[in-house]
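Chain nomenclature is as follows: A, B, C and D, assigned in order of appearance, with residue numbering initiated at 1 for each chain independently.
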Amino acid sequence: MKVLWFAWLRTRVGTAEETLTPPAEVRDVRTLLDWLKQRSPGHAEALKNLSVVRVAVNQTYVQPDHPVAAGDEVAIFPPVTGG
Amino acid sequence: MKVLWFAWLRTRVGTAEETLTPPAEVRDVRTLLDWLKQRSPGHAEALKNLSVVRVAVNQTYVQPDHPVAAGDEVAIFPPVTGG
Amino acid sequence: MIRVQREDFDVGAELKALTAGRHEIGGAVTFVGLVRDMAGDSKIGAMTLEHYPGMTEKQLAEIEAEAKKRWPLSASLIVHRYGRLEPGEQIVLVITASAHREAAFEACHFLIDWLKTKAPFWKLEDTDQGAQWVAAEARDDKAAERWTKP
Amino acid sequence: MIRVQREDFDVGAELKALTAGRHEIGGAVTFVGLVRDMAGDSKIGAMTLEHYPGMTEKQLAEIEAEAKKRWPLSASLIVHRYGRLEPGEQIVLVITASAHREAAFEACHFLIDWLKTKAPFWKLEDTDQGAQWVAAEARDDKAAERWTKP
């Protein structure tokens, strides 16, 4: 699984991209975020307030109950500010 | 008084501009239009249906009760279709 | 700013000139009106725009002043052409610029709606059924009414 | 059409290319977003736009498709820049063209409102108080909500 971080989430985590193999109990976005929080203090800090965290799986916005699988590209980022 | 005609009113009347000296009973736009109707069959035709006639005195839109005087520039035209 | 001219205009150049050095501007909205090749069922070869020199400039300036009173605009521009125009040619340009996009959108829409019912221009269309003066559209009156205060 | 690019764009040239030969078009509405020199009380020296290549194009294409479903558009274009931009520089271009101006105005307004809350771009502002990631504005969410069907 590829995990991408953007904007200030990226600066907190300290990397733009990670290739990870989550354990079997990670089935959806919610459980993935819980697992990611434990990877480092930076991850924990980035994911402290999930109300300002958006997730896309394979480049489509998803909700916390959306399933995640081994081959997915999961992007984690703050609310967008383009335009 | 200068009377200007535009668009299809101009083509009916047959002239773009007339310099006129209306009689004393012409005091406002309404009485001016009544008097103009009698100038020629073209004038009568142009002013047959006043619901599609707009009048500006000195380049400002006015209503039928607006006064007119000797030095005025009176423009008579159909509803505008620019833009 | 307002301009009434026979010549074409360059939208990009006008926009650049209007916003140059005005770094408080966050958004600019532009409307360009173009000559269509059909009017109802008639094919249009060309059209001629007649106007009332003097009153046109006065009306456009009044309409622009009204927009500036209603919205916090940093800059605005109206350019209206007259004379003979062929399908695809540009007729009118309205640009409004503001710190925020809402004001720019509303003011631009207002300007073209009001201009359509107030600026003394008349279109003579050269159609396959002969030359015809374009009739004012009830739709345009309705669009303009939307902006009159209650 | 959508484009995501580092380079600047020429509004006049884009508009010309989009409407060329399309003589059913009666009006084109253009929105240009510009970099402002102030954010609240902070002076901005420059900003850097980060985006998510791949998803950006996908989101913009979806937003454009939604506008085409809702309004009878003859043509549309979204160009969004990324990278470092200084105050006064152009960030985003939206053009919508239609037979009638109402559709063009509404679709253009819709596109920029939706783009602001859906396209994966993030602004890092270089202010006199240091580099700061721009926070999403509740105002933008509200503007976008206006277009969600009941």
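Everything that follows uses one rule, which is that a contact is a pair of C-beta atoms (placed from the backbone, for glycine too) under 8 Å apart; a residue touches a chain by one contact, two chains touch by 3 or more.
Note that this is a predicted model, so its numbers are computed, not measured.
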item: Length of the shortest touching-chain route, chain A through to chain C; value: 2
item: Rounded Å distance between chain C and chain D, as computed from the means of their C-alpha atoms; value: 23
item: Chain B and chain C: spacing of chain centres that average the CA atoms, whole Å; value: 26
item: Computed distance of Cα centres, chain D from chain B, in Å; value: 49
item: Contacts with 2+ other chains: residues of chain C; value: 33, 112
item: Contacts with 2+ other chains: residues of chain B; value: none
item: Which chain pairs touch, all of them; value: A-D, B-C, C-D
item: Residues of chain D touching chain A in the complex; value: 33, 49-52, 54-55, 58-59, 80, 91-92, 112, 115-124, 133-137, 140
item: Residues of chain B defined as touching chain C within the complex; value: 4, 6-8, 56, 59-61, 75, 77-83
item: Complex contacts: residues of chain C adjacent to chain D; value: 10-13, 15, 19-38, 87-88, 99, 101-102, 104-105, 108-109, 112, 143
